[in-house]
Structure formats: structure tokens, C-alpha cells
Amino acid sequence: MDMPIDMQHQAMGYDRAATMFSPEGHLLQVEYAEKTVRLGVSSIGMVCSDGVFIIADKRIDDKLIVKKSANRIHEIDSNLVASFAGITADAKVLVERAQVLAQQNRLTYDSPVEPEVIIKEISKMKQQFTQYGGARPFGVSMMVAGVHNKKFELFVSDVTGNYFSYHTTAIGENDEKIKEKLRDKYKKSLSVKEGIKIALEIYEKIFEDKFDVGRFELMYIKSDDEKIVMVEGKDISNIK
Amino acid sequence: MDMPIDMQHQAMGYDRAATMFSPEGHLLQVEYAEKTVRLGVSSIGMVCSDGVFIIADKRIDDKLIVKKSANRIHEIDSNLVASFAGITADAKVLVERAQVLAQQNRLTYDSPVEPEVIIKEISKMKQQFTQYGGARPFGVSMMVAGVHNKKFELFVSDVTGNYFSYHTTAIGENDEKIKEKLRDKYKKSLSVKEGIKIALEIYEKIFEDKFDVGRFELMYIKSDDEKIVMVEGKDISNIK
Amino acid sequence: MDMPIDMQHQAMGYDRAATMFSPEGHLLQVEYAEKTVRLGVSSIGMVCSDGVFIIADKRIDDKLIVKKSANRIHEIDSNLVASFAGITADAKVLVERAQVLAQQNRLTYDSPVEPEVIIKEISKMKQQFTQYGGARPFGVSMMVAGVHNKKFELFVSDVTGNYFSYHTTAIGENDEKIKEKLRDKYKKSLSVKEGIKIALEIYEKIFEDKFDVGRFELMYIKSDDEKIVMVEGKDISNIK
Amino acid sequence: MDMPIDMQHQAMGYDRAATMFSPEGHLLQVEYAEKTVRLGVSSIGMVCSDGVFIIADKRIDDKLIVKKSANRIHEIDSNLVASFAGITADAKVLVERAQVLAQQNRLTYDSPVEPEVIIKEISKMKQQFTQYGGARPFGVSMMVAGVHNKKFELFVSDVTGNYFSYHTTAIGENDEKIKEKLRDKYKKSLSVKEGIKIALEIYEKIFEDKFDVGRFELMYIKSDDEKIVMVEGKDISNIK
Amino acid sequence: MDMPIDMQHQAMGYDRAATMFSPEGHLLQVEYAEKTVRLGVSSIGMVCSDGVFIIADKRIDDKLIVKKSANRIHEIDSNLVASFAGITADAKVLVERAQVLAQQNRLTYDSPVEPEVIIKEISKMKQQFTQYGGARPFGVSMMVAGVHNKKFELFVSDVTGNYFSYHTTAIGENDEKIKEKLRDKYKKSLSVKEGIKIALEIYEKIFEDKFDVGRFELMYIKSDDEKIVMVEGKDISNIK
Amino acid sequence: MDMPIDMQHQAMGYDRAATMFSPEGHLLQVEYAEKTVRLGVSSIGMVCSDGVFIIADKRIDDKLIVKKSANRIHEIDSNLVASFAGITADAKVLVERAQVLAQQNRLTYDSPVEPEVIIKEISKMKQQFTQYGGARPFGVSMMVAGVHNKKFELFVSDVTGNYFSYHTTAIGENDEKIKEKLRDKYKKSLSVKEGIKIALEIYEKIFEDKFDVGRFELMYIKSDDEKIVMVEGKDISNIK
Amino acid sequence: MDMPIDMQHQAMGYDRAATMFSPEGHLLQVEYAEKTVRLGVSSIGMVCSDGVFIIADKRIDDKLIVKKSANRIHEIDSNLVASFAGITADAKVLVERAQVLAQQNRLTYDSPVEPEVIIKEISKMKQQFTQYGGARPFGVSMMVAGVHNKKFELFVSDVTGNYFSYHTTAIGENDEKIKEKLRDKYKKSLSVKEGIKIALEIYEKIFEDKFDVGRFELMYIKSDDEKIVMVEGKDISNIK
């Protein structure tokens, strides 16, 4: 056989179930789901000196759609926002789960939930869908940004159900290219305003002529009042 | 192998279960179900300055069938109507579920349900049938139009269980062609009467000689009394 | 490949489970079950000016069988009869379910059930068997005729679990041919007596030399007393 | 392809599960189970002017076996007997179920059960095994003969779970040949004695030289005392 | 195709599940399990004028094994013994089940259980494993001998879960050959002593030079005291 | 086809599930599991005139591993020890189950458990994993040695869930060779000391140059105090 | 066939389910999962004269990630730490399970848990995922180090669910090479400080030019205060 190893494994059927390892020890169904995520809409998140933000490309630019309904960034609780890349319907299941978890936490402890508690539970749920049969993995990467005890944090949970805390990162389309540029430009001392500027510059470089600030959507939390602020389209360029 | 990639994936069996990703990260069973929807009966929905409406092609023109029983637009609650494209028997399951949800909401809150609550629950149900094994996805796109707190809204939930809010849109047969024309003609300032006229003109262009207003069915809610009004056939042309 | 598309899909296995869509978005197992129905015994139902009736070809003409036991038309409740085309054992399950539903309705509301309530529940049950795995669809089309609040109605539920209300229609063998003739001959003003005559004439044309009124079975309900009347064989010709 | 359609369908695998329709709408696993029944031991049942009887070929003629233990006709209740063709172990499950049903009926209503109640329940059970996955159909045809309110009745339930009431009929080996002869010879006015004589004559014609009355077993109920009487072997010829 | 029918059916996969019929109506998995039984250790059972006995070939002749632990005949209750052919581990499950059933019967009725009650329950359990999926059939034939109300009885339950009562019979290796000889030699008037002699003579003829009475094991119950007596090896030749 | 029968059955897939018989009536998955056992570490057990012992080859000779943690012989209760060949993780499940069973017995009867009760329960558990689907058989042979009522006993339960009582026997690597030598050397009159000497001599012959008493582990129970004594490595040669 | 045996078994499908043995008695899915572990991040654990430690290569060296969130060593309880090689999301499930077990133990016994109790439970859970169908094995090796009753211990549980206690060992990438060097250098008399030095030297030899102490992470417990101490990056070289 001189088929490349990938095609051999496809021919052998190692990629037909999330519950099957390939001879190299890979979970191919999970890897395929990751491709969906890589085709998903792009978000950049960043922890700054005076807050945290997520900016997302709405991508959908259909004047028939009510703009707000195509929003990519969702409020999970008064201290917590999330964006996604991948299958939108799957993502909505996870957003709703996150919102319920946050509410339950409030009812139990009478205080806003720690962002890591949310990302941990969502990740655990995602891991189970890669290990148990009878369902497919969630085709979604989830980015969560929030504040707790005056600390700003940013997390990303991948398709396998693993998550890390980030200073800044990107998910969805062109994620690797964006992260390369973020490594170059990011400093902890950046203000939210400066951070947003950098994010927009990165998107401009990537989309070139097709860049249109009108397609973007932003949510930020700043240390002064710790409130979630949402800004869309051209107003993003005018954040102070 | 020089088969096109589609045929390769069919030959490899990636399209045999809703719970399986193809190597490109697609859910092929879901994509096939979408084809059923694209073959389904056509509806146009529109939010206007003075109300909201759905107009649907009944398509069935069999004099043996009692007209009302072939209706494509269903009353979900006194403030809410829905139409569908796809497998009719599947759609009826979702209509009934929506009606039950609306009733439960009335019993719990003693007020009509928000249209988005309905489309959200229906979409969640549809998402689950694309993720869990042992059943097939619902082969249905659902359009919901309604009023709540004097606000008129229009939603469409697709086969994957994703939904958006629309100013105006179409589902079923020729949906892309119709949406193109809607982008061209739609303005927020349109009255219900003007909107219906535009919808009929679009259908006339699409069906050409085969256009017959007798095959259409309309439900609208206007701001004066917020009541659902149903009109069929030639009477549609005479809406004031 | 130059196999016709049907054979291709069979070769690919899209037709092995009710829960699988073909690349064209078809549910092939459901379509196969419909063939069983098309081979089933023929019934004609008709709503007339003074009542409603179902006439069915018993087809079985074995003198060893007790005639009544091969009856094709079943009493569901005192205001409701049903006939079937397809797998007889499946049909009996649905008849019994319909009878239980009718009884429950009587116990709950102390009045005979609306015909549409019955056809709706039966159709819901059939839809589920086309969506969930682990069982096959019911291979049955069900025709229900009844009276409620002095209104005569006729319904047919197909294999997918969809149903319509009809003025007159046919199921089983030659259904399309019969419906063509019904479209030609049916008028709302027909009396039950005239309707039966038309039905018999249609059967005569279809069966030609093989026509034998002795093989038929009739149930009608008329507006005078709203009682179910059963007539078999030659007596059908003498209805007044 | 020029394989006959049967072999094509086998090659395609339509006959691997009871829950799968073939492209012609057949349930092949059920049809295969029917072949087992057609190879099973033969019984003739008959409703006569003065009673009802079942006569069965024990076929087993092994002097090592205690005769009574190889009996083919079973008492279900004091007014009801049953015989079977097909898989003996399956049949015993159904006989026991029938006996339990009869006992429950006695306990509930303090009277012997109607024969049709039994055959209906057994048939319902059989239908379920042709529709749900995870088990195979019962490979059994069941013949039930009994008396209730002075009426003698005879039923046969086939592999699909369908049943009819018969004046006289046969199951198992050579059933079609036997039924042909029964159609010729049966009259309602026959006495039990005459009926048995006819049955034996039919068996003699079918088995020719191999006919041996010693292999047969008979149970009858007559109108005088409505008691089940069992007769075996040569004594059958001497019934008065 | 000119493969023999057996090989064709194997190639088609009809023999891969206990729940599948072959096109001829056979349950091939059950037939394969029967081959295991035919390779199992041999037992002869016999009802005599003054008692009943089972004699079994222990076959295992390993001096490392404690003889008693390789016994082939098991006491089920004080009036009941059983031997087996097939998979020993499966057989032990059935023996234990039989012992529990006998104990329950004693507790409920305060008397030893009828042998047929035991064989009926064991057979029912075996039938279920041939009809339901998710498990394989028991690869075991069970022979039960016992006394109840002074009547001696012998039963054999086969792999399908069918059973008969026998005057005398054999299971396991060479069963057909042995039964042929038993048909020739058995008379109801034989005493237990004479019966054992005949059984040993049959084994001598079958094993020829390899015959060794030391490998056999015997359990009998005689009418004088109705106690189970066990005899092994050479002592069997000296029964009086 | 001239493939050997083994390869034919592999090609046909009879060896893919523990719940499937091959056409010869074999359970191939069980036979494959037995190969794992045959590759497992070797133990010899022996019942002697003054006690019982198990000696096992630890085989693992990694100075990184804490010796005790690689022990092959486990105390089940104060009167009972066990060793295993096969998959270690599977074996630990069975050891723990045995320990729990022994504790439950003590709690219920306030006395140490009979060794046969333990081996019987473990074997029953193993049999079930060869008959029911959804899991694989335990890849383990278990040897149990113990004392009860001053009687010393030794049992081995194989992969199928069958067990025998032995005077002396071996499991794991080279089991057949060792058993051959045991048949030659074993006498019931051997003392534990003499038995151990014989076991070591057998291992010396089998391992030849590679024999190293340091790799062995021993547990014995002697009649004087009925306590379990454990000895490892060179100390084994000095047992008195 | 002259394919190597590995490829033959792949072609035959023995490696498609954790619940299937190959003809050689291997569990191939488990062996594939082990490959994932062998590609995982490397940890060295060591029991020293004055304590115990685990040192792990964080490998992730992305400045976008918050260092602490990429930690490879986790506190299970105040006396217990754990590291992993393999699928991180799977590992997090096991860490959380271990933490819950430790908490439950504290609540029940009011004392820190024994390290072996934790590794035993985790291993049992892993074994089950190699034996039962419907899920895949955990792709994780877990290393646990802790102190209990002044005794320092180190355990590793592999993919099959087997575990040993070690003086020192390694998991993940290059484990065999590292263990070879550990066998050479380890002595029980090493202090924690000396042990860490040896571990770093081994990593230096393996990574050569790419060695960077900044990528490592260390947790140790020493006998003076039995507290867990965490040290990262360059500080590791300065442990006293």
C-alpha cells in the first residue's frame, strides 16, 4: 500500500466513531470536528491592564437578518461573556448550559460565578461527548472572558474538552495567523482601548481589502465599573 | 482516486449517521436533510411598519383535499403563527410542541409567550437530533412570526437547530432566489399591505405562467388589534 | 458509475434504516414501506351531503375464512370508522390504539371523540417510527371517517405520519387511478346513496371482468340517526 | 446485474433485520420465518355443526419419547385448545402466555375467556416482534379452537401477527394442498365425526403410503357437554 | 454461484446473530451452538421399572483434578439429578438456576418440585437467549431425571429451549448412535440394574478399546427409598 | 477456498464478538482471550499433606518497581490466597470482588468463607462476560488456594468461567509443560516443604539458565496454625 | 497473505473496539491508546530519603497561555500530587475524580487519604473503560506521589488500569530512555535535592540543545513539614 497514512486510516474506518483510536492513537472524529471549528467565525480575546474584551467577526452580512440576532458574543452572567467558533446550533446549547450554571451558582452562593468554574464544566461536558458512544462531539471552541474578585480572565475550551487560561488568543478562521501576530504585539500593560486597536489592525491585515469594521462586534468589561459593554460596527473604532 | 470529494465521502460512509463528521468536518446527514427542506413548500415572512405576515404556497391543489387541512401556516398562540418547509409529518410534531410550549407559558406567566422563547426551544430540540444517535434529524425549517409587547418579530430555525431573527426572509423551494429579490425590495417602512404585494410579485416572477394566487395562504398580525387574520387564495390580492 | 441513481443509493446503503437520509434528502425505508401500502387492499371514502361512507374491497375471497373476521372496515367508536391499506398486523395495532384513544376521550369528556383527534394521535405515533431507530415504520395508510357535532369528515394518514382531510379519496391498490376518477365525478351535493353508486362504478371500471360486488364491504353514517351501518356484498347495491 | 430480484435483495442485505423493508416493501426476515412455519408439523382445525376440533400430525415417532410429551395440541383453558407449526420452543412461550391470559381472565371475570381475546393478544405480541429491533419474530403459526357462549370458533394467527377466524383451515406442512381439499369438502353441516373423517382422508391422500393414523392426535369439544376430549392414534378412527 | 447453500449463507452473514433467520428459515447461530453440544460429554438417562438413572462419561481423566470436582451429574434437589452436554460454564449457570428454582418451590409448597417444572423453566430461559439480541444462546443440552409422587421421569432440554420427556435417551458425543442402540434394547420392564448394564454395553461398543468403566459416573434413584445414590468408576459394574 | 479453517472463520468474522458461535460451535473471542492467559505469568499451586501453597513467578524484575507492589499472589481472606495469569488490570477487578465476597461472608456468617464459594462466584461473573454483549470476557485465569474446616483446597477458574478443584496444577506461561511434570512428581503424601522443592525444580528445568529463585513469590498455609505465610526470593529455598 | 501480522489484524478489524480480542489475545484499541500516552508530556517521579517529588515538562511554551493554567502537576489533596501523560481532557476528568475521592475520604475518616486508595480507584475506573462497550479507554497514564503516615509513595496507573508502586519512574515521551537512566542513577539514599538534580541531568541529556529548565514544573513534599511545594522554571535549579 502506498496510500498516505491518512487515507489508509480512512479506508480502514478508524475515523467513523468518536470512541475509536486510530493505530497512531488519534481520535479522528475529534480531529474532523476541529476542522469545523477552524472554518468558524473568528474571535480575539484579550486580558488588559484595565479590563478584558472579546471582539468577534459577525461574518454574516445579510441585511435580511436582524443584526442583534446574529451576535457572536453572548452574556453568560453580569461578569462573564462568551464567543464561539464552529457549529452555531451546538454553541447555543453550550451557551445556555453556561447561563444556567451561572444562575445556579448565584442562587447557591449569592455571588457571580468564577469564570473558570464555567469553562471547567463546559469542558467536562465536551470531553464526555468524545469518550462515550451514541453521540458526536460538540463541534465548537468556546472563548470565555470575565472578571471575578477584580481579576480579569480569558479562557478557551477546545473540541476535546481541554482548556487553558490565556493572556490573549484567537479562535476560528485564521486562528494561527492571528495568534502569531498577537504574540508579537501583546503586552500586559495594554489598555482595553489599545488592545482593541491592535485586534482591529490584525483583522485589517488578514482581511486586507475585505476588512469592514461594520462586521465586528465587541464586548468589554473594564475595572472602573465592571459592567459588560457591547459595541457594534463603526462605534468600535471610537472606544475611549 | 479521482472521484470528486463528495462521492469519495459517500463511498467511505461518512454520510450514514447524523453523529459522524466527515474528514472536512461536515455533518453529511444534516446536509442531506437540508435538501429535503429545499424541496419543501415556499414561505415568505416579513416584519412591516404596521405588523408582520407569513405568506405560503400551499402547492397542493387537489380538489379532493379539504383546503383548510392542507394549510401551511399554523396558529401557535393568539400572538404567534408558524410555517414550515420539509417533511410535513416532522413539521407537525414541531408545531404541536410549539403549541404546548405556548400554552405552558400562558399557564405559568398568564401572558402570551415571546416568539423567541418558542423558536429557541424548537431549535434546541432540533439540535439534539443532530448530535445524539438513534434517531434522524428533523427534516424541517420552521418560520415563526409574532408580536410581543407591541414588537413584531420573524424567526427561522434551520435543520441544524440554528435560528436567526429576520426583517424578511424565505424558506423552502427557491429560497435563495426569493431572498435575493427581498434584499432588493425590502424597506422597514413597508406596510403589511405593501409587503404582501411585493411577496406576490416575487412569486409571480418565479412561477411565471404557473403563478396562481389561488394556491397561496396568508396570515398577518397588524398593530391596530394584534389579532391573527387568515386570508386564502384570491382574497389575498384584496387585503387593505 | 452509470447505474441509475436509485440503484446507486441502494448500493451505498442509504435505504437500510428509517433514520437515514439519502444524499437527495429522501427517507428510503419510508418510501419502501409506502410500496407495501400501494399493494394493499383498496378503500374509497366520501363525505356526502347526508353522511359519510367507506367502502372497501375485502379482496380475501376464501370460503374457509369467516367473512366478518376478514372485515376491512373497523368501528373505532359509535361515531367513527376506519379502514387500512398495508400490513394487516400493523393496522390492527393502530386500530386498537384508536379504539383506546376514543374510549379515553369518552371517559374524560363524556362525549364522542372528534375524528381529527384520532387521526392526529395515530399520525404522531407513525411519525415517531420514521424518526427513531430500533423499530421500523408502520407499513400502513389509515382512512378514518366520522361525524362530530353534525359535521361529517374523512381523513387519511400516510406512512410518514402526515394526514389531510378529504372530500373523497382512496387508499391501497390503484389509489391514483381511483382518485383521478373521483376528481371527475365527485360533487359535494352527492347523497350517500349516489356516492356509493359512483364508488362501485369506479371499481367496476378498474376490475373490469373481475369486479364482484360480493367482495366489497361498506360502512356509512347518515345524518338522520348518526348510527354506523354496515353492509356487505350484494346488499351494497341495494342501499336506499 | 441479471441476478433474480430475490438474490439481489439478499446480496444487498435487506433481509438481515426484521425492522427493514426491502425496496419492494417486503419484510424479508418475516418471510423467512414463515418458511420455518411451512416446514412445521401439520394441523387441521374445523368448526362443525356440533362442535370444533383440531387434529395434528405428531410427526415425531421416536419410541424413546414419552408420547404425551410430544403432544402438538395444548389445552389453554377448559374451553380452549391450541396447536402450532414452527419452532417448538417459541410455540411453548406463546402457549404459556395464552394459558396465563386465560387464567387472568377467569380471575377477573369469573368466566372462561373468549377465544378471540386470546388470539388477539398472542397476535399483538407477535406483531411487536416484527416491528421492534433487538429480537427476532416468533417463528410460529398458532391455531386456536374453542367455545364461548355456545359458539364454536377457530382462529389462526400467522407469523406477522395477523389472524382470521376460519370455518376450517390447516397450518404447517402442505397447508395449501390441505386447504384446497378442505374448500372442496367442507360444509357447515358436517358433524365433528364427519369432519374428522374428512381430515383423515385428506391426510391419507397427502401422505399416501406413509399415512399412519397412529401418528395423529385429536382434541375436540362437542356441544353436548362442552368438555375437551383428547384422542390419540388408532382411537381417532373410532370416534362416535 | 455454485457454492453449496451452507457456504452461501455463511458468506451472506445469516449466521452472525441468534436473532436472524436464514432465507430457509433457519436460526444458524442456534444450529452452531448445537454442534458444541454434539461435541460435549455423553450421558445416558433411563426410566426403569424400579427407578431412574443417569450415567455420564466424565471424559476428564487428569489425575491433577480432584475427581469429585469434575462430576458431570449434579443433584438439583433430593429427588432430582441433572447432567449436561456442551459448554461447562454455561451448564453451571443452568444447574445453579435449577437448584434455586427447586429451593424456591420447597419454600413455597413445602414439597419437592416436579421434575417437569424445572425443565420447563430452564427451557424457557434458553428460548429467550435464542430470540433476544445482546447475548448468545446457551451452548448446552440438559438432561434431568427425578421422581415425584412415586413416578420416575426423564427430560432433555435442547439448545433451542425445546424439551421432551423420554423413556430413555442420550445427549452429547455419539448421541445418535447411542439412541439407535437404546431403541433396540430398551424395554419398560428393565430394572435399574439391567438398564445400567445395557448402558455400559453400549458405551463399550462405541468406545471399543478405549472403554474404561473408571471414567463413568452414575446417579440413580430407586423406588424402595427414593434416595439419590451416586456411584463412580468400577463400582458401577457392581450395582445390585 | 483452500484457506485453513481458522483463517476462513476469521475472514468471515465469527471471531468479532464474544456472543457469536463459529460454524463449528466455538466461541472464538473466548479462545483469543485464552491466549492472553497462556502468555501470562506462571503460578503453581499444590495441596499437600500438611497444607497448601501457591508459588508464582513475578517475572517483573525492574528495580524501579517496589517489589511488594508487583506481587502476583494476593490474600483474599485470612484463610484464602489467589494468583492469576492474564491481563493484570482485569485480575485486580476479580481479586477485589473476591475480597468483598469474603468480607460479606464473614459479616453474614461470622466465619471465614469456603474457598469454593469464592471461585464459584468469580466463575459465574466470568461466564456472564462470555455470554452477554457489550463487554469483553475477562482475560484471566484465577487460582485460589485455601483452608476451611481443616481441609486444604486448590481451584482454578478459566476464561470461560469453568473451574475445577485440583490436587496440584499450573496456570500461565508453560502451563501444559509444568502440568506434565506435576503429573509425574505429585503424591498426596508430599509435605508443603517437599512440594515447594518440586515446584522450584520444575521451574529450574523450564527456565534453564534463566532460572532465578529471586523472581519467585510464595504463599502457604500449614495445618499447625492455618496462617498465611508469605516468602519471597531466596528465602523460598530455605522454607522448613 | 504476506502482510505483516499487524496489518492483517487491522485489515480484519480486530482493532475497531476496546471490547474485542485479536487472534493473539491483544486488545488493540488499548494498545493504540497507549501510543497517545507515549506521545504525551514527560514526568519523572521519585521517592527520596527525605521526601517525594514529581517534575514535569510543561512543553507548552506559548506566551499567550497563562503559565499556571498549563500546569502538568495537580494537587489532589494536601498530601497528594498527580501528573499525566496523554489526552489532557481525559486527564482532567481523572484528576477531578481523584480530588473528589480525596475529599470524600476526608469527610468519612477525617484524615488525608492513602495514595494507594486513589490510584486503585482511578485504575478501576480505567479498567472498566477497556472492558465495557459504548465508550473508549481513557488515553492517559497517571502518576501519583504522596505521603501517608510519614511514608512517601509513588504510583503509576497505565492505560489498561494496571498500576505499580515505584521508587522512581517516568511517563510520557521518552519514558523508556528515561527509565533506563533512572535505573542507573537511582539510590534510595538520594535526598529530594539530589533526586531533582538527577532528573534535570537526564532531561538535559535527552533534550540536548533544546533543554530549557524554564519549561519544567516541580512539586515536592519533604519530611520536615509534609507540605506540597511548587516550583517552576529556573527556580527549580535553586532548590535547597
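A, B, C, D, E, F and G label the chains in the order they appear, each numbered from 1.
Everything that follows uses one rule, which is that a contact is a pair of C-beta atoms (placed from the backbone, for glycine too) under 8 Å apart; a residue touches a chain by one contact, two chains touch by 3 or more.
Just so it is clear, the structure is predicted and the values come from calculations on it, not from any experiment.
**Q** Starting at chain A, what is the smallest number of hops through touching chains needed to reach chain E?
**A** Graph distance in the chain contact network comes out at 3.
**Q** Enter the angle, 0 to 180° in steps of 5, of the rotation superposing CA atoms of chain A on those of chain G.
**A** 50
**Q** Between chain B and chain F, tell me the centre distance in angstrom, where each centre is the average of that chain's C-alpha atoms.
**A** The answer is 67 Å.
**Q** So, what's the distance in Å between the C-alpha centres of chain C and chain A?
**A** For chain A versus chain C, the centre distance works out to 54 Å.
**Q** Give me the residue numbers in chain E that touch at least two other chains, ranges are fine.
**A** 13, 18, 133-134
**Q** Which residues, counting only chain D, touch chain E once they are in their complex?
**A** Chain D reaches chain E through residues 10-11, 13, 15-17, 28-29, 32-39, 60, 62-66, 68-70, 87-90, 92-93, 96, 129, 133-139.
**Q** Of all residues in chain F, which touch chain E in the complex?
**A** Answer in residue numbers: 12-14, 18-27, 123-124, 126-127, 130-134, 155, 160-169, 179, 182-183, 186.
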